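Structure below; questions to follow.
Each chain carries a letter (A, B and C) given by its place in the written order, and its residues are counted from 1.
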Amino acid sequence: MTDATITPVPSPPKTPLTEADPRTKKRNAAEKRFQYYGIAAIAVGLFFLIVLMVSIVRSGLPAFTQAVVSVDFTLTEEQYDEAEAQLFKTAAYQSYFNAVLREELRERGLDVDFDEAAIERILGKTGGTLREFFRANEDQLGQPVSFELSASSRVDGYFKGRVTREALQDSRFLQQSDLDLVDALADAGIVFSALNWNFITGADSGVDNPGGAGIGASVVGSFFMMLVVLFLSLPIGVAASIYLEEFAPQNKFTDLIEVNISNLAAVPSIVFGILGLAVFIQFMHLPQSAPLVGGLVLALMTLPTIIISTRASLKAVPPSIREAALGVGASKMQAVFHHVLPLAMPGILTGTIIGLAQALGETAPLLLIGMVGFVARGYPDGFVAGFTDPNSAMPAQIYTWAARADVSFYEKAWGGIIILLVFLLTMNAIAIILRRRFERRW
Amino acid sequence: MALIFNTVEFFNLYPASEFFTSLSWAPSFSGRGGSSELGLLPLLWGTLYISIVALIVAVPIGLFSAIYLSEYASSNVRSFAKPLLGILAGIPTIVYGLFALLTVGPLLVSVFGDGGWLGVSWQGGGRAVMTAGLVMGIMLIPFVSSLSDDIINAVPQSMRDGSYGLGATKSETIRQVVLPAALPGIAGAILLAASRAIGETMIVVLGAGAAARLSLNPFEAMTTVTAKIVSQLTGDSDFASPEALVAFALGMSLFVITLTLNVIALYIVRKYREQYD
Amino acid sequence: MDDQRIIERTTVMKDIKIAATNVNVFYGDTHAIKDVSVGIEDKAVTAFIGPSGCGKSTFLRCLNRMNDTIDIARIEGKIELDGEDIYDKRVDPVQLRAKVGMVFQKPNPFPKSIYDNVAYGPRIHGLSRNKAELDEIVEKSLRRGAIWNEVKDRLDQPGTGLSGGQQQRLCIARAVATEPEVLLMDEPCSALDPIATAQIEELIDDLKQRYSVVIVTHSMQQAARVSQKTAFFHLGDLVEYGETGHIFTNPEDSRTESYITGRIG
C-alpha cells in the first residue's frame, strides 16, 4: 500500500542548532519587521489619541476663563439723580466709570491716558450694566460696589494669546494703542483672567457676542432629552429583550427580528434624523427644536444598543437558576421577573448607560430637527419649564458655535467639548464601576 | 414609511432618471424659483472618495494593531492599549468634526497648501476630502481593530500550532495561515467600517466642504450625501419644494446603500463564525 | 525478564536521537511532568502511553519547544537533540521545529489548497529552488502520506474539504515534506476509522527507516504494533520505559501492568 518512492533529498548543510543559518536570520529579521509594523500601528493610533486630546484641552481650556476688569465703584445719590436726569443716561454712567478708572490708575502711579472710545473698545458699553445695577439696587448708592466687567472678546483673545500685537490691525474693534492700556491695566491688577462661570451656566448669546456665550442652557436641554431616552428606551428595550430571550418561539420570524435589530444598530444616525423630521415634526406636528422630539429620535437609536446588551446579560444568567425557580413551582413569568431579571440588572444598567452616553454625543439627527442655531432667550426661566419648549443640546450647541464665522466661538466649541467629554467620561466610569462591582462568574 | 412617502413625492416633482444619472448638483435656492439640478452622482462620488481615504487610513492601522494586540502583546500591554484605543471609539463624532475643521484642516493646509512646508499648493482650504477622510479614518481605527481582534481570536489555536509545528515563525503563521483563515471575517469587518464611513455626517459636514464636485484631487473640497441632507433640510425652505424633498430621496439612497452593506457584512461574519464553532 | 539484554540492545544497536534528563514542566502551579529522563532512539518508533492527563502531550511538546507558545508553561531540565541542548538560549525554536516536526491529535489543515498545504513547509524553509522541485516534493510527500492517489486530481482544492482521515494523512504529508529528523505524533489516529488507522500505521512503519518517530497513543494494540520502545506515563511520572515487547509482556511496575490490563486509565 505504501506508494512511497524514497529518493534521498540532498539535505541542507548541517548547521548546529545554536547557530542561525542565513535563511533563518532573514526570516527572523522579517519577523522583527512584522512586529514593528504592529507596534507602529498601535503607536500611530495612540498618537492620534494624544493629538486629539491635546488639541481639545489646549484649545478648550481658555473657554473657562475670561478677562475681567475689576473696579470698586461708588456712586453717590447726587450722581445718580444727575445721571437719571440726563438725556443719554448710560453715557453719564460711563463717564463716571471712566473717571473712577482714571483715578485708580493714577493712584497706582501709572501714567497712561486714554480716551473714552478706547475704554469702550476694551470693555464694551459699561454704562448700561452700571445703570441696570443701580436702578435695581438703589440701597447700594453711596457705598463702594466691586464690579467685575468682562473685557471684549478681542481683549480676552489678547490675554489668551489668540490675538497678538503683531497681527492686530487697527479697527473699530481694537487698536494697537489699546493694548498698551490693557497692559497697564493688567500690571495694575485691574484686568485679569477669572473663571468664566457664565460659560458653564449660561445660555448661548447670539452671533455677535462670543464673550457671553455659555453652554449651561444646552446642558439642560441634553438632560431633558436623556430623560426622554431613558424612559422610552429602557422599558421598551428590556421588555422586547425579555420577550425575545425568554418567551419567543425560535422561528423564522424571531430570527428575522434578530437580524433586523443588529442592522438597525448600524443605520446611519442621520437617517434617524430624517425619519424624526418626517414623522414627529412634519406628520405629528410636534414642535421643532424641542427636547421631546430629540429624545424620541435618540431613543429610537438607543433601542438596539439596549436590546443587544440586555439580551447578552439575560443569556449570561445560567439556566440552572430558571430551572430552580420553576422547580419550586414558580410560573415562567415569576421565574423571569423575580429571579432572572434581578441577576441581569447590572448588565442591563451598564448597557443602558453606555447607550445613553452614545445618545448624548449624537449630533447629526439633532441638526435635522432644528436644535441648532437656536438662541435661548430669557434663560433661565424661559424654557427650563418643559420638554416641548425649544432648546438646544450640548453637541448641537457645539456645532452651532463651530459653524459661526467669528473665530472667538471656536474656543467656546472646544470648551463645550470638554464639558461634553466630562459627562461622557463620568457615565462610562459609572458603567465600568457597575460592571466591576457586580461582575459574577457562574 | 414617511421616508418613502416623501421620496415618492420628490420623484413626482423631479424625474428619477435625472436624480440617478445627472452629473451635476446645483440646487436653486428656495423661493427664487428657477430649475435645480439635483444629481445624486457627484454626492455619491464625494461620499465614496472620502470613505476610501478613511479606509486606507483605518484598515492597515486597525488591522495591524489588532494583529499585534491579539498575537504578540503581553497581557499587560493588551489591557493598557486596548481601552486606550477604545477611547477613540467612544468620542462623539462632533468632536472629530471639530478636530477636522480646526486642527487637521489647517495642519494639512500648512503642509500641502500655498507656502506650506512642501512648497506645493495642492490644497486651497482646510475643508477637503483629505481632511475628512483622515479624521474619519482615525475614528474608524478602533472599530476595525476591535472587530478584527474578535475575528482573529476566532481562528482556532490548532491551526496556529500546525504552522508552528512545521517550523514557521510567528509572522509567517499570521500572514500565511491566520490571516487567510480570517479573511472572510475581516472582509465583513471592512464592509461594516465602510458602511459606517458612508453614513458618517458630522465629520463631513464640518470637514469636507459644501461644493459638489466630480474630481479626483483629494485636496479639493467635496461634499457627500449626508452633508447635503443636512444642508437641504436646515435652511428655512418649505417642505414641499423639490430642494427640500430631495433630502428624503438622498436619505433613502443612503439607507439602502448602508443597509445592503450591513446585510452582506453580517452575513459574511456570521458564516465565518459558524465555520469555527 | 532479562534486563541486561534490553539495555545492551538499545545502546549497541541504535543511536540516541533525543536525550531528556530530569525534565520538569509546570503549568502555573500544576506540576505536569515530574523529573522525567528518557532517551529516544534514532530510526525507531517510540510510543508514549498512559492514562488521560498524565502528561504525554506535554512531554511530547517539550521535544520541539511547542510549549513555548503557552505563556504559563515553564520547563526545567535538559533536552538534547544530537547532543545539542535545545533549550539553549541561542537555539531558535523555529529552526528546531524544522528538524523536529509534529502531527497533532485533531487534523488541522490550513485554509489553503491541498498543494499549498504540503508546500507550506518547504516554501518557508526554502527547500526547493523552483516550481518543478516543489512539485516533486509535494508529490513525494503526498505519496508517503499514503494519500496521493486520492488527491492527485484535485490538488488545487482546499485541504479543509477532505474527510477527517484524509485530512490527517494530509497533515502527516505536510509534516514529512519539511524533511524533519524527528516526527512527533500526538494521537494521530484518534479521529480515524480502522482502515485509515491501518494506513497510517503502515506509514509510520515506513517512516522509521529514515526518522525517529515518537507517537502518543491510547491504543495498546497500536503501541504494540508500531513501536519498538514504549514509555508509560502516570500522573506526570515516567513509570516505565523499555522495549515494547518487554513492557507489554512483562511489565516491572504494578501500575504499568494494571494500565495495560485495563484496570486503570
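Keep this in mind: contacts are C-beta pairs under 8 Å (C-beta built on N, C-alpha and C of every residue); 3 or more make two chains touch, one makes a residue touch a chain.
Not measured: the values here are computed from a predicted model.
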Contact graph of the chains (line, ring, star, complete, other): complete
More contacts between chains, A-C or A-B: A-B
Relative to subunit C, chain with the most remote C-alpha centre: A
Mean-CA-position distance for subunit C and subunit B (Å): 50
Geometric centre distance via CA averages, subunit B-subunit A, whole Å: 23
Distance between chain centroids, defined by C-alpha means - subunit A, subunit C (Å): 62
Sites on subunit A at which at least two other chains make contact: 27-28
Shared interface positions of subunit B, touching two or more other chains: 169, 172
For subunit C, residues that touch 2 or more chains besides their own: 94-96, 99, 124-125
Contact footprint of subunit C on subunit A as seen in their complex: 1-7, 9, 11-12, 16-21, 23-24, 27-28
Residues of subunit C that touch subunit A when the two form their complex: 81, 84, 86, 88, 90-92, 94-96, 99, 124-127, 137, 140, 143-144, 146, 148-149, 179, 199, 202-203, 206, 209-210
Of subunit A, residues touching subunit B in the complex: 27-28, 30-31, 33-35, 37-42, 44-46, 48-49, 51-52, 55-56, 59, 259, 262-263, 266-271, 273-275, 277-279, 282-283, 357, 360-364, 367-368, 370, 372-373, 395, 398-399, 402-403, 410, 413-414, 417, 420-421, 424, 428
Complex contact set, residues of subunit B against subunit A: 2-3, 5-6, 60-65, 67-69, 71-72, 81, 84-85, 87-88, 90-95, 97-99, 101-103, 138, 141-142, 145, 169-172, 174-175, 192, 195-196, 198-202, 205-206, 226, 229-230, 233-234, 239, 247-248, 251, 254-255, 258-259, 262-263, 266
Residue ranges of subunit B touching subunit C (in the complex, touch as defined): 75, 156, 158-169, 172, 176-177, 180-181
